[in-house]
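In the two complexes below, subunit A is the common chain; its partner is subunit B in one and subunit C in the other.
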Partner chain A sequence: MQGWTGKILDIDLSSGSINTQPLDKEMARLYLGGRGLGGRLLWDLVGPEVDPLAPENVLIFTTGPITATGVQTSNRFNVSTKSPLTGTLLHSNSGGWWGMQFKRTGYDALIVRGKAPEPVMITITPEEVTIEDATHLWGKTVFETTEALGQDRNKRNVLCIGPAGENLVRIAAIMNDRERALARGGPGAVMGSKNLKAIVVEGDAKNQPADKDQFKFMLYETRKLLKASPLTSQAFPEFGTAVVLNAVNEIGALPTRNFQQTQFEHAYEISGESITDKILVTNQACWACPITCTRLTKTSSGQEGEGPEFESTWAFGAQSGIDDLELIAEANYLANDLGLDTISMGNTIGCAMELAEKGFLPADLRFGQAEKLHDLIHDTAYRRGLGDDLAEGSYRLAEKFGAPQLSMSVKKLEMPAYDPRGMQGQGLVYATSNRGACHETGNMLGPEVLALPRLIDRFATQGKAGIVSVHQDSAAVVDSLVYCKFVNLAVAEEFFARTLTAITGIRFTADDLMKVGERVWTLERLYNLREGFTAEDDTLPDRMLNEPVADGPSQGFTANLAPMLEEYYQFRGWDENGVPKPEKLQELGLADLVAVA
Partner chain B sequence: MIDERLYEEFRYIGRDIFVAGLTSSHGGNMSVRVGDKIIIKRRGAQFGRLKPTDFVITSFQGKDSGIIRASTELIVHRAIYEKTSALAIIHCHPRTAITLSLSRDEIIPVDNEGSYLLHKIPVVSVEMASGSIEMANTVSEALQGYKIIMQRGHGCFAIGQTLEEAYHWVSTLEEVSDIILEHKLLGEPLIEYRKHSEAYKNW
Partner chain C sequence: MLVKLFGNLRQHTGQLAVTASGTTIGEVLQDLCAAYPSLEKAIFDSDQLQAHVRVMVNGHDIELAHGLDTPVSETDQIAVFPPIAGG
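And then the complex of A and B:
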């Protein structure tokens, strides 16, 4: 095995058939793995006629050519499907151990089709693949299921859904290794719609590099750069991802009370510093990761678990006007146990709070009501009372109660913890992201706030589209290899290309990889166009476009999207309707796909 | 029209390059990519004294008359934007690096900072050393795998997401070159302190 195993496992839950198909070598070279390969397979398998929760939708779990090699963060994997929340192509990736272990079973990817008549689970080893009854697990939480199936970090790893996925909650996550999440866009609901409770993997195959000396050298050089970066060697290990919360708040870009303000007066109480001071037990790492950003925390009531990450802290904190760090941490444990996307959950709760305060939603709900947080999360996972509406996500909730403009979402995916009025480039990222409002597909936190690779003017718009596009393509590369984005804070494509060359024996340059990134991005765009999305969907909530920030460092700014979007289409080689031009498709090797479509 | 925020970046970087002695008064050029256009320093403008009128906005593929005022090396800039993910380019004439390029096919840093940041700077040779298609092809292809390269006897081309990033590579290259030259003049053997440094040749 040098990079790819060359095999795709293909399981149809309707018929119970288990097949292996070869991985097309040219497809592997053009899309690498992870998000790229998943998107390319999804293009062929799921067309616009398929409802995301119908048996005809598929779940495609993919690893990358670096997975399980031991290179820094080579633990990650991806799931691709059509999202029940947004209707767009969905890709979502996760760390932990499961991805590495799945690769060790001897497959690059797993396609799950159809719907089992009763709840089932899949077990994959190098010797055998089985589909077994899981009726006894249906209804159990993520932690219960993970324990029941014998999670053993380096040997046996469990991926499953919780009650949220079973109840087809549109913001349900797929969880792996207990507390890692394929979170955004509702993949847990797709898994629930297939009556698939869990996938257990046990493997032993090694992903050996083609050029061991060069691989060793690249491991060493990457480690050097990771140690030289204050983020990856100091900030994340000491404070976790929430280390950025104060920085984002200070510049006036921390969305507060459903994006009505951009600074939270209690930011410090819920910051990475406070997590370290008050509830941190120890820091931990995913497989083969030297960064150790994971928090193991414990509250005074005795509850303990992983997190909260920055986005979860924000979602259950500033977004909901709540400053009780222990309740926020417990809300995070609960969301993980029930199998929910914490960003969409917290954002939707904040939306409900504003809807109630403004009289649209007949509920006794106000910002800052920390005591209601846990019940709201619980009710969402089980679709009880108001929770049944929250389970639909913020857009459908706000639309039902007559105020869709109060949903802080793009393409129905809830926006994360950066206000685009204080980070103009981030606004363009949200508006154009193929899976809806998402920071992970081209995060401008680096250049607009953290000076990585260089500090750029966060309020500038001219020239911003190119930087956003490069970050989006780069993120697509990272997601296709599959690295963790945090490695990308210290090293970039020139390192990835040389490492990939050492692993596969096939020469890749930095720009070869960037071309892959652009190809993946454009393919996803084509998928969404085929689903009926248009340039009109590349927008932001009205509040971002028309309500200037009232005070603070971003005072007076709205998201100046129109000129950036025009420049963006030009930069990408798309027409004024956001449709890739024929010559661009030719350049990227995508012309044949559209001709077939 | 160049935006005021972008103009300031050109002006400050241009001044710093000239003041640092990295190019002569009128030599070299720089550009950024904006949408499907390139904003490039006009031909003959002084690096250290750039004005808002010293810039030409020209098409990415060359189908406009902006070429008559643009830098001679516009053809090279276009090729680089076409073949790499660069968003900004600086071409200038750092003298120690040029000196080293006269007798070497690659410049390999011996200092710590240069080793971290660059590992190796390849030196390419072209017969028509200014504004030729041959030069455009050779330089742009070399930059597919490196963020800065030297053209023998002429100067460097550096790329980045911003002008500041490209400037960082230029500044580092000249520091790297100064140290190599001075160590060579010192005449004492190098005491290697970097693990795997022999692999830099293959970077």
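And then the complex of A and C:
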């Protein structure tokens, strides 16, 4: 079975048992890997009775059939679990080197169950798997832990949590390769709840394609397309992901001061252009990636690190009313070192600032207080003072202080850097995303702003449901193979199918892949329904629905969600309550799952 | 009127914001290219905009208005973006 190793490593930290189980071939064909395989395994392992921070929750690390083949961006991997922030199914993926290296140890996936009595770390090589004491690492930051465990880019890779994960912060990330993150939804807290500090991988097994000649051809063609696209060959290397900040601001969709405004008057000072002008040292790449979007930056105080990416720049910048690029970059370094989701951290800080300004939160906190970023982030990771409330995420914070409407979140996951009032389709993406407000599960930035692949009216609602659904299914495909989504800017599903065919020896078409995407999306929906979520949870914050934008290019607009949602359910083959109809489940091969639910 | 040039388009003008005149966006951009000749290749492909180049008037993409024939006035804010992506 080429593309897949056919083996799942299964570790129970409660008993210390280490087992290997075979990967079901049919499951691999239907769900591919990454997010799809992780979600399918989670369906069987974690039911609605399980608290996300209980030993019965699991962490499932998954690679895909393309991982470690050397095809462009074949470095990524996924983690699936039940989220301690949202209570939904959670999938999160990351780049770097760790995913490639884990695959090279000879496994497609790793299931971690139970809870170790004391802090431990896992080491995986092709020869052996060990669970060792990690008491000496507990309390160390991500950077300290990564260095202590001997991170070596192409040979030995470290995945770990920082203090935030240890302290069960609900917005804690799992970090890999020092500054890469499985961030959204709090997987770091799940890892912390298991007393698992780190997973080190060192492998040498090759993921050899079934058809070497065709694979080489696909590598060549993919390289050609990535080079020909000005997006992947110029825009990302020159300015990184934050280059879109000015465009999102220009159209009046850059959330500012906790989404009270949609344009930030200091947007240019914190944009990708300014990062390049002021703090960029060099650009870097993940394993097997020619795009090189990563920013290595250094501030005048001598601090250096990766990023900030667009979302992090926004979260610690416009969302918090802060225009000091150097302090934003340093906030990003700190959040990475402590193991926090920068989107949720910055969004929650912005929420706290509005709560304080409006008198709900008794704290000396105002928008624009850049000097407070460091302490707020630090205190969140260690749950000190106000940080203990921030550690619960914006929804629980705002609810505790009597103003849940000021949490800019969906299903308790903080919204990222696009205001749905200026991008109606993006609002539908947030409202229906299975892990809560998330742009990565079907980002409409392309069609609604950048004309990728073509421009549609960002204020229109009619017809958006179909476009959003296709984007969501496509993202699920990319997350299951696992590619980087930026490749998809130059390379279409047809190419993915041909490459996958060359790797696995199994014929896949673009239609087959899109069916996988729909299957994965629907499975996630079923999971959340089983957890008790309903159509009522497919919504947006009251501010988005009822407060028109006061000025700028999006002036007068609210998020007109209801008609899009109705159309969305119909397009997806779901009933008016957002429940997939039996014939849709039959079509996707999911009917058996519901029968046993 | 004020025209902001983002990303690597700034290299052609040496600054973020410059002024240009015209009654349509096409005329404004031609005026700009006359002042900064190297800009023409970066923005135009023959008489059309380069693929992925976005031009906005007051935050609205001209593709959904009248393209290069979109009328403009002195108080309008124009933004020109080279091919970009992110998120």
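The criterion applied here is as follows: the second predicted complex is superposed on the first by the 596 of 597 C-alpha atoms of A that agree within 3 Å, B and C clash if a C-alpha of one lies under 4 Å from a C-alpha of the other, contacts with A are read in each partner's own complex, and residues count from 1 in each chain.
The criterion applied here is as follows: a residue touches a chain if its C-beta (ideal position, glycine included) is under 8 Å from a C-beta of that chain, and two chains touch if they have at least 3 such contacts.
Small disclaimer: the values here were computed from a predicted structure and weren't measured.
Chemist: State whether A:205 touches subunit B only (first), subunit C only (second), both chains, or neither.
Modeler: Neither: A:205 stays clear of subunit B and subunit C.
Chemist: With both complexes overlaid on chain A, does A:497 touch subunit B (first), subunit C (second), both or neither?
Modeler: first
Chemist: Tell me the contact category for A:552 with respect to subunit B and subunit C: first, second, both or neither.
Modeler: second
Chemist: In the superposed arrangement, which partner chain does A:457 touch: subunit B (first), subunit C (second), both, or neither?
Modeler: After superposing on A, A:457 lies in contact with both subunit B and subunit C.
Chemist: I'd like to know which partner A:18 touches here: subunit B for first, subunit C for second, both or neither.
Modeler: A:18: touches no partner chain.
Chemist: Check whether A:473 is in contact with subunit B, with subunit C, with both or with neither, and answer first, second, both or neither.
Modeler: A:473: touches subunit B, not subunit C.
Chemist: Answer with first, second, both or neither: which of subunit B and subunit C does A:238 touch in the superposed model?
Modeler: In the superposed model, A:238 contacts subunit C only, not subunit B.
Chemist: Touch test for A:220: subunit B only (first), subunit C only (second), both, or neither?
Modeler: Only subunit B; A:220 stays clear of subunit C.
Chemist: Looking at subunit A, which of its residues have contacts with both subunit B and subunit C?
Modeler: Residues common to the subunit A contacts of subunit C and of subunit B are 457, listed in rising order.
Chemist: Along subunit C, where are the residues that touch subunit A in the complex?
Modeler: Within the complex, subunit C contacts subunit A at residues 6-8, 10, 16, 51-52, 54, 56, 58-61, 63-64, 79, 81-87.
Chemist: Tell me, which parts of subunit B touch subunit A in their complex?
Modeler: Those residues of subunit B that touch subunit A are 2-3, 5-6, 32-37, 83-85, 87, 116, 119, 144-147, 160-162, 164-165, 168, 195-196, 199, 202-203.
Chemist: Residues of subunit A touching subunit C in their complex?
Modeler: Answer in residue numbers: 229-232, 234-236, 238-247, 250-252, 268, 272-273, 310-311, 439-440, 443, 445-446, 449-452, 455, 457, 486, 489, 552-554.
Chemist: Per the contact definition, I'd like the list of subunit A residues that touch subunit B in the complex.
Modeler: Against subunit B, the touching part of subunit A is residues 213-214, 216-217, 220-221, 224-225, 228, 447, 453-454, 456-457, 460-463, 465-467, 470, 473, 493-494, 497-498, 509-512, 514, 566-568, 570-571, 573.
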